[in-house]
Amino acid sequence: MKDVQNEADYRNLAINKVGIRNIKYPISVLDRAHAAQHTVADVNLYVQLPEEFRGTHMSRFVEILNRYQREIDVRNLDEILSSMREHLHSEAAYLELSFPYFIEKHAPISKASSLMEYNCTMMASQHRNGTKDFVLTVKVPIMTLCPCSKEISDRGAHNQRSLVTVSARMNNLVWIEELIELVERQAVLDLYALLKREDEKFVTERAYDNPAFVEDVVREVALALRADPRIEWFTVESENMESIHNHNAYAFVEIDRRVPARKT
Amino acid sequence: MKDVQNEADYRNLAINKVGIRNIKYPISVLDRAHAAQHTVADVNLYVQLPEEFRGTHMSRFVEILNRYQREIDVRNLDEILSSMREHLHSEAAYLELSFPYFIEKHAPISKASSLMEYNCTMMASQHRNGTKDFVLTVKVPIMTLCPCSKEISDRGAHNQRSLVTVSARMNNLVWIEELIELVERQAVLDLYALLKREDEKFVTERAYDNPAFVEDVVREVALALRADPRIEWFTVESENMESIHNHNAYAFVEIDRRVPARKT
Amino acid sequence: MKDVQNEADYRNLAINKVGIRNIKYPISVLDRAHAAQHTVADVNLYVQLPEEFRGTHMSRFVEILNRYQREIDVRNLDEILSSMREHLHSEAAYLELSFPYFIEKHAPISKASSLMEYNCTMMASQHRNGTKDFVLTVKVPIMTLCPCSKEISDRGAHNQRSLVTVSARMNNLVWIEELIELVERQAVLDLYALLKREDEKFVTERAYDNPAFVEDVVREVALALRADPRIEWFTVESENMESIHNHNAYAFVEIDRRVPARKT
Amino acid sequence: MKDVQNEADYRNLAINKVGIRNIKYPISVLDRAHAAQHTVADVNLYVQLPEEFRGTHMSRFVEILNRYQREIDVRNLDEILSSMREHLHSEAAYLELSFPYFIEKHAPISKASSLMEYNCTMMASQHRNGTKDFVLTVKVPIMTLCPCSKEISDRGAHNQRSLVTVSARMNNLVWIEELIELVERQAVLDLYALLKREDEKFVTERAYDNPAFVEDVVREVALALRADPRIEWFTVESENMESIHNHNAYAFVEIDRRVPARKT
């Protein structure tokens, strides 16, 4: 059968990325405790397509995904990308994995155990010239309490669920768990799936004692990320699902320690 | 050209609903002040298909939508359904419209004006035998403050954005605005797009003074709906986007005044 | 500490369902081959709340989820529901689990292996009076090719991805795999994550040889479901993501074998 | 009342963007025919926050949105951004508007009229130093037919709905309508909400006669965009909702005519 994809192309236009998108696959991710965590990923796989070819071979992406699904690990993404470049004869390969990741947490007073879900994304790429890129993103739901509301009100203060998203480029291994812990430590008001009554009292008072604007949250998290020598570039955003409005408050910071002056 | 849809079908199986789904169309809805409100609807249109026909004629649904888009009104849904039944030679016709609806609100103290968005759905149907059905659904975002958290904590109380959804069958015209006002009056803690500092103080203290469980909210709204003689059947649900968890608290009540005993 | 939820309520209004919603949890589902399939579920858990109580105890739902997460099975849902009723002192308990489920498939010609994702939902409930309910829902993506387009065109025929959703109440165990296989057998044009060139030729020609309206698909699936004595009630819907429109074609059938005449 | 947001901040960290997100507002957009098109936008508004201030004033964003909602126009975005910078005392302002936009189309043979929906986004920013940015994005649903499938199969060819997304930076006014028409002309297989039988024959045969890979679509659209001297930078992506798979095929091209060599 004729291989139409392999036909020569005369339009002189390379394609930055071509591949498959939104394929769901069960994967196994190595966690910090060196145990395999089973989860389900939404996967995008692309390669660069040189100007001389008409198309890529989509089925090969699925074959590669099949081969590696059982053990996806920060440390073998490079091997997967090399395999993509080789089997698809390409100069560059791109991989994006998004998946729910679960961490066992203990309630602050009762110590009752439950699992918290964090959405994570790994975006990795590799070029023939040796350039590599890896961005890890974690989404950490927290609680925030409005300092202005507390200050001006005779009683109470409005508070809400917020979502902090951190993306980072690193020069050394940083575990998903480390990024999540950093955000929860700086934001102070972390969440739990299970809270007993004594825990609810604790987290309510802790919230009232730790008011923070969306601006405060991104600044505190950004300062902690900047202080970690392994993290070279990062963005922090926080989105508050305001309890007094039907829209969200939002703040975003980007810091690139690889360049002399901060990019604005 | 052969009309394949019109072929006879020998499987002896009528189809309850067949039609088009998720078509977006600009519509104009008559509001209580008798002005036309321009919005964009997500539309589903179906008819019943008798067992003797193989298929329906999908293009006719779009023709009917075209004809009525400029003026959708609780009072002409019946005419639209009749038109569907007639042009598609069907015993029953179904129409579902979901759209954002905006109401101007004034902040409680500053009286600053802004628009609040409420998602609404109209589901209507009509059978040849004279049976008609019409369900109006409104989604009203509110704020809730946890009574337990307030009671057990020395200071503060966790609160959050909640979404109250009411669906109602009526024996007489009830405006979208009336249903929304009923929910906001019972839930007490209604939202605004625009609040100045004096308003923020007011809504924070009002929240602290009016704690309500998700169970309280659905009960208060249900009692008010039950007291309105125009409303014969309704469901009320409320979903709290808990600030202390990453999951939601939920309550649901259904009351049918058309039957002697309440359906559980 | 005061148990505010346990306070007496004087509004004389029982609540049909109260509980937690949209909590994500890793679960393990027993598959037909008796192996555990790891996946991630979106979970809703509710109980009925009698009119004399003000509120339920939300943390107990999470404790129960914690206890059973490792082994969710059609055959232990009843035990989970009993546990919910007991720990929450309720007359009725409701459980809803939605999760991606993967089945290994072999391409029709090359026999190349890959995993297909099917979204499944289990909805179960139990009342003190002995009434039980269990509805299994599977979503099966297929391909459909328009018979009208094929008939009237000199060449080609438009085709598209469709999604068939079956919900069923059964009087005997029916595996998820069985429902999926039934839909794929009736719809003929099933999908694969991985197709080699010889498979693509096969599925293209198979599609051209098996045109079916959205009406045909729901009828064929409905007839097969009606012929299975284990299935007492079901709905079948199919939604075609039409390639020639930006909206979808849709059909829906409901059949209840428990009642003499079919509900329309 | 104390203005907590105005407090001095000592963390020495400016915030790139702070503001409100996901507020829905009815807007009126001027179309090419110089008529106002009523639609509903999802709006994000941000400003840069200097390092010396603790917070911004969220209510002012809503006040500005209130003032301009009746007439949003490519030509007054700059005025809105200036107003944001002025009222929020900021060096930089950002505005993002996403909305459904409707264009009347006539079916190819019957000339029957209907409205097609296109999702559009306008992203604009302005800095005190005079730097401005404006990116217009349009999403154009089309049909694609697989050249490989047509070549290797004895009959038929699989085809599907695809979504082409173009983002462009321009040195001169380009109407939304122009970008959409360019995509539809290059992709050949454009969609309609309403097609009569003679139109369905036409579009089916047109599709069979114009097979194109996802790679072909992005290349053809990219070449046409590159040939327009008003367009200085653009990205084109296309995503095919494959009829033979449950995942999508994807291609992406970025071209920057402002720099000597193309960015890969």
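Which chain is which? They are A, B, C and D, in the order written, and residues in each are numbered from 1.
In the analysis below, a contact is a pair of C-beta atoms (placed from the backbone, for glycine too) under 8 Å apart; a residue touches a chain by one contact, two chains touch by 3 or more.
Since this is a predicted model, take the numbers as computed values, not measurements.
Enquirer: Steps needed, at minimum, to get from chain A to chain C via touching chains?
Expert: The fewest steps needed to get from chain A to chain C is 1.
Enquirer: Most remote chain relative to chain B, going by C-alpha centroids?
Expert: Between chain B and every other chain, the largest centroid distance is to A.
Enquirer: Could you work out which pair in B-C, C-D or B-D copies the interface of A-C, where over half of the contact pairs coincide by residue number?
Expert: B-D
Enquirer: Counting in whole Å, what is the centre-to-centre distance of chain A and chain D, each centre being its mean C-alpha position?
Expert: 25
Enquirer: Please work out the Cα centroid separation of chain A and chain B, and write it as a whole number of Å.
Expert: It comes to 35 Å between the two C-alpha centres.
Enquirer: Which integer distance in Å separates the CA centroid of chain B from that of chain D?
Expert: 30
Enquirer: By residue number and range, which residues of chain C touch two or more other chains?
Expert: Expected reply: 1, 3, 23-24, 117, 148, 152, 193, 195, 197, 201, 245-247.
Enquirer: Using the touch definition up top, name the residues of chain C that touch chain D in the complex.
Expert: Chain C reaches chain D through residues 116-117, 141, 143, 145-146, 148-149, 152-161, 191-193, 195, 197, 200-201, 203-205, 207-209, 241-247.
Enquirer: Would you tell me which residues of chain D are touching chain A in their complex?
Expert: 1-5, 9, 11, 13-24, 44, 46, 48-49, 54-56, 58, 92, 147-148, 151-152, 213-216, 218-219, 222-223, 239, 245-254, 262, 264
Enquirer: Which positions of chain D touch chain B when the two form their complex?
Expert: 1, 3, 23-26, 37-40, 59, 62-63, 66, 69, 100, 102, 112-115, 117, 193-198, 201
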